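Provided herewith is a single structure, encoded as structure tokens, for subsequent inquiry.
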Amino acid sequence: MRRLINDPYNIVEEMLEGFCKAHNKHVKLLENDGRVVVSKKAPVKDKVGIIIGGGSGHEPLFLGYVGEGFADAAVIGNINTSPSPEPCYNAVKAVDAGKGCLYMYGNYAGDVMNFDMGAEMAAAEGIRVETVLVTDDVYSSTEIKNRRGVAGDFYVFKVAAAKAALGYDLDAVKSAAEKANANTRSMGVAMSSSTLPITGKTIFELEDGDMEVGMGIHGEPGVRRTKIEPADKVVDEILGYILPDLPFNEGDEVSVLVNGLGATPLMDLHVAYRRVAQVLEEKKIKIYNSFVGNYATSMDMAGMSITLMKLDDELKELLDYPCDAPYCVIK
Amino acid sequence: MRRLINDPYNIVEEMLEGFCKAHNKHVKLLENDGRVVVSKKAPVKDKVGIIIGGGSGHEPLFLGYVGEGFADAAVIGNINTSPSPEPCYNAVKAVDAGKGCLYMYGNYAGDVMNFDMGAEMAAAEGIRVETVLVTDDVYSSTEIKNRRGVAGDFYVFKVAAAKAALGYDLDAVKSAAEKANANTRSMGVAMSSSTLPITGKTIFELEDGDMEVGMGIHGEPGVRRTKIEPADKVVDEILGYILPDLPFNEGDEVSVLVNGLGATPLMDLHVAYRRVAQVLEEKKIKIYNSFVGNYATSMDMAGMSITLMKLDDELKELLDYPCDAPYCVIK
Amino acid sequence: MYEDFILDKAYFIKVIKDLAEMIEENRDYLTGLDSEIGDGDHGTNLSIGFREVMKNLGQWENENLTVIFKKVGMALLGKVGGASGPLYGSMFMKLGEPAHGKERVNFKEFYEMFKSGIEAVENRGKAVVGDKTMVDALRPGLNAFTEAIESGEKPEKAFGTFLERAKEGSQSTIPLIARKGRAMRLGERAIGHMDPGSASSCMILEVFYRNLLNYKKNY
Amino acid sequence: MYEDFILDKAYFIKVIKDLAEMIEENRDYLTGLDSEIGDGDHGTNLSIGFREVMKNLGQWENENLTVIFKKVGMALLGKVGGASGPLYGSMFMKLGEPAHGKERVNFKEFYEMFKSGIEAVENRGKAVVGDKTMVDALRPGLNAFTEAIESGEKPEKAFGTFLERAKEGSQSTIPLIARKGRAMRLGERAIGHMDPGSASSCMILEVFYRNLLNYKKNY
């Protein structure tokens, strides 16, 4: 294990303590719930509350996107594990400004169960909470509603948060999130597993020099396992799944996110981005803007995912809307 | 090797192509020199040119810090290897606005030789180029002038760039950089080596489960090699070197940078940050602001460094000065 | 016969403590099963949950069985998260209801406890037998337990059947494709692996069973 | 004797090609040496440089020796970077100067070439013998070459002495603490390791030597 930790049973609490201290201009820990990171600006008057969350170990996802113009709160579970219902509910209580709240998270069974219980608890007090599940990972299922959420979270959260920041009501915010999700597709490749602090071991075995295309950020199996191939070939294969899926067509305009899973250097991500840009150019798909870096990780996993969101004027405006969160500042 | 690359002999060029495409709102590649990344705003009228650089493999260092309010150009060498004199010179030609230029880079013999030759070439054309070497790594030498530069680069570059953006002349910008450097101290710990694309091997061997405190970002040996210790103990040891070195005293105000070397999760960096904050609080050293993330990496190296910069009013103002670079946006 | 077979609070407290111990012992084994077809944390999740239970059990020991199990369930629900948090959380929360606020139960009530707990798992997770989840162990086990009770089997024998059929159910998950949980997205690749939740369910039942066999001797 | 011993362009072109080949063969070995006390890239650096040389050599072959070596040096200077880029870059750039724009040199001029190149390394890097750098090989080697020339040794013998003393100089870096380059910061930990630049210097000289021995035979 090549990790820098203390007692692994305290790791999430210690991370949260460090995070809220380091980014104390943006966020704080909820007083009555140590698993809820809230924006210092929340609740924002007359704004729909934006609540995101899921298991930890994907930083900067979720908590890094809490701040002005972005999420009002992030609910933090154990590593790779959905948070429990109580903090989901406490987040609502903390950020609701009378206009209801939107839960957004990746589509995983555990998350659905826990967040739904949180929403039921809020409903019992008359607070309306709606949910949008992110389902961007094209390889995870043929049926879109069964797909899991990966780095596309970033786009869906960003768009919905901007819509909320503009003062729209819960229905409008929810449909913006749904629209973003409907236009977002991702797929990844893993070249190593990640290390679970409690066991001190990797989640699964992936021999040095091997890769698995289509693997999920929790190590869910993908298309096939093979020797690591040249970056361009890997990008081509991934785009071969993503592009026809929506589909993305000639003349479309997209935002591109080349996401690192944790241990893959920015150098490699940019090599891969270069190929993405080449392919899109060939296909006459226009790149509106791009993000390259660690946006949704799996701790120390080596790997990369590519996400495309097809844009229209509304999505562009929402994507460009200023925000100021610890790990996403847009001027 | 768990890397995503094509022909390793092209990796730097491919990275630069991807980088300048992905961040084309901020930067471009110099037309006559493929190793110089320049800000789209450069040359900025009546401003001292800020030129940073060094070997690649430390991304987002150097090229990620090119942009408005930050560096005007970054000169990019091969992996872990200083750029050659020609691009150092070409960078000057590209960004000089008649007020001269400041070279800033980490103190490595190769860099000094090459940048000095670049400066001589510029001097031959009557352009004044001054140099500030960053020497923040406390463990690398007892003599400050022999110390190497690591993540402290970020602070020194940021401060000098802000001073330049405020319109000061080359002497003033240079002394701001020197002041930042004089007040900055770093030290790191490595838990793995990084992988060199051309050989496909790690630079050095570090067994899984071992760590080396004080190691440099190119794998230069440190204090001692031992089993990985708890994060808090590692932080305490590092601070034990950093704090007395400047020294940082009760009542001082500092900026804290907990930097990941590439493969260490944000989770662990925040666990470490938490301990840094605790120790500084005990010592009554006030934290003015903090940066936690991958600021100066060594590709896929697992490890972390801690940097403190002691602040006064001027340094605070310069640190807070807005900038808009691909990997550093300050509002 | 069942009315005379009384299980007191000491039995249940002992079971809870043994559960916590059993989970620590099997943490890495369960996590290993979950590595094959899930996300490699099932043992870790339960370990986090039962450590929380053990941290607080001392304070709950004066409560009645209904309250104790409710607290155990809430601790799991609150600390575990994921899929097994709400599922086992609900199971334990409901387990104590048939005790109706008492400090001891007879064997009939003991049976009702499992019925109540397992139904809670089904209500929460909406899985049915064959989905490759813990329900594949719990439901057939419970059905066998019900039959055994209805045909008047001796308590130990009846619970033994419960456990045995649960284990068979757990084994039966091996050749299945999953229709619930994380393994659902694996398709054919889930074949050949036992569902980790079904395995932990059997281990949990086994702790109840072992203490049942020792019960007469100790008390 | 030295005036009659003529080395033509074919010799030097062959040497340059062999240098490129030799560097590829020893890339990982040199990189390995640099891993011990540097940053593990010395072989890689030279490989990047000589690949650039080979990419362009065809276009330079019609030039005179002064220009050819200047181009080789500039390619190294421009592509390598680091410490060895400017050092070997300067060395090769200056190597051709004593050829004074000619296409062939006599052995005296050949000797002057190395004198000129090695002095350029010293001027650029400011290292002296004992600093644990390539100068520890080049300077004693050159001194021996000078003596051999002054005492009228046969050309092959004189260059053999040059190479031999350079190799001894390279070996002599092993027990040293470094006073220049990256290894400088290692203190005592540099002891026991050969300086990689001194090793590559010997390999470079060896290529010149091998071709010198074969020269009469081939041309």
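Per-chain numbering from 1; labels A, B, C and D assigned in written order.
The criterion applied here is as follows: contacts are C-beta pairs under 8 Å (C-beta built on N, C-alpha and C of every residue); 3 or more make two chains touch, one makes a residue touch a chain.
Keep in mind the model is a prediction, meaning the values are calculated, not measured.
Q: Where the contacts of chain A and chain C overlap, which chains show up?
A: In this structure, no chain contacts chain C and also chain A.
Q: Considering only chains that satisfy the touch condition with chain A, which of them also satisfy it with chain D?
A: Both-contact set = B.
Q: Round to the nearest whole Å and give the separation of the Cα centres of chain C and chain D.
A: About 75 Å separates the centre of chain C from that of chain D.
Q: Any idea how many Å lie between the Cα centroids of chain B and chain C?
A: 54
Q: Measuring from the mean C-alpha position of chain A to the mean C-alpha position of chain B, what distance in angstrom results?
A: It comes to 28 Å between the two C-alpha centres.
Q: For chain B and chain D, let me know how many angstrom lie between their CA-based centres, rounded off.
A: About 33 Å, centre to centre.
Q: Examine which chains touch each other and state the graph shape they make (line, ring, star, complete, other).
A: line
Q: Between which chains does touch occur?
A: Final set of chain pairs in contact is A-B, A-C, B-D.
Q: Under the touch definition given earlier, write down the residues of chain B that touch chain D in their complex.
A: 9, 55, 77-86, 108-110, 113-114, 117, 140-141, 146, 148, 196, 198-199, 203-204, 216, 218-221
Q: Sort out for me which residues of chain A touch chain B in the complex.
A: 1-7, 11, 14-19, 21-23, 25, 56-57, 59-60, 64, 189, 191-192, 208-209, 228, 230-232, 234, 256, 258, 262-275, 277, 289-290, 292-294, 297, 299-300, 302, 304, 324, 327, 329-331
Q: Taking the complex as given, what residues does chain C use to touch chain A?
A: Residue list for chain C touching chain A: 27-28, 31, 35-36, 38-41, 43-45, 47-48, 51, 77-87, 89, 124-125, 180-182, 184-186, 189.
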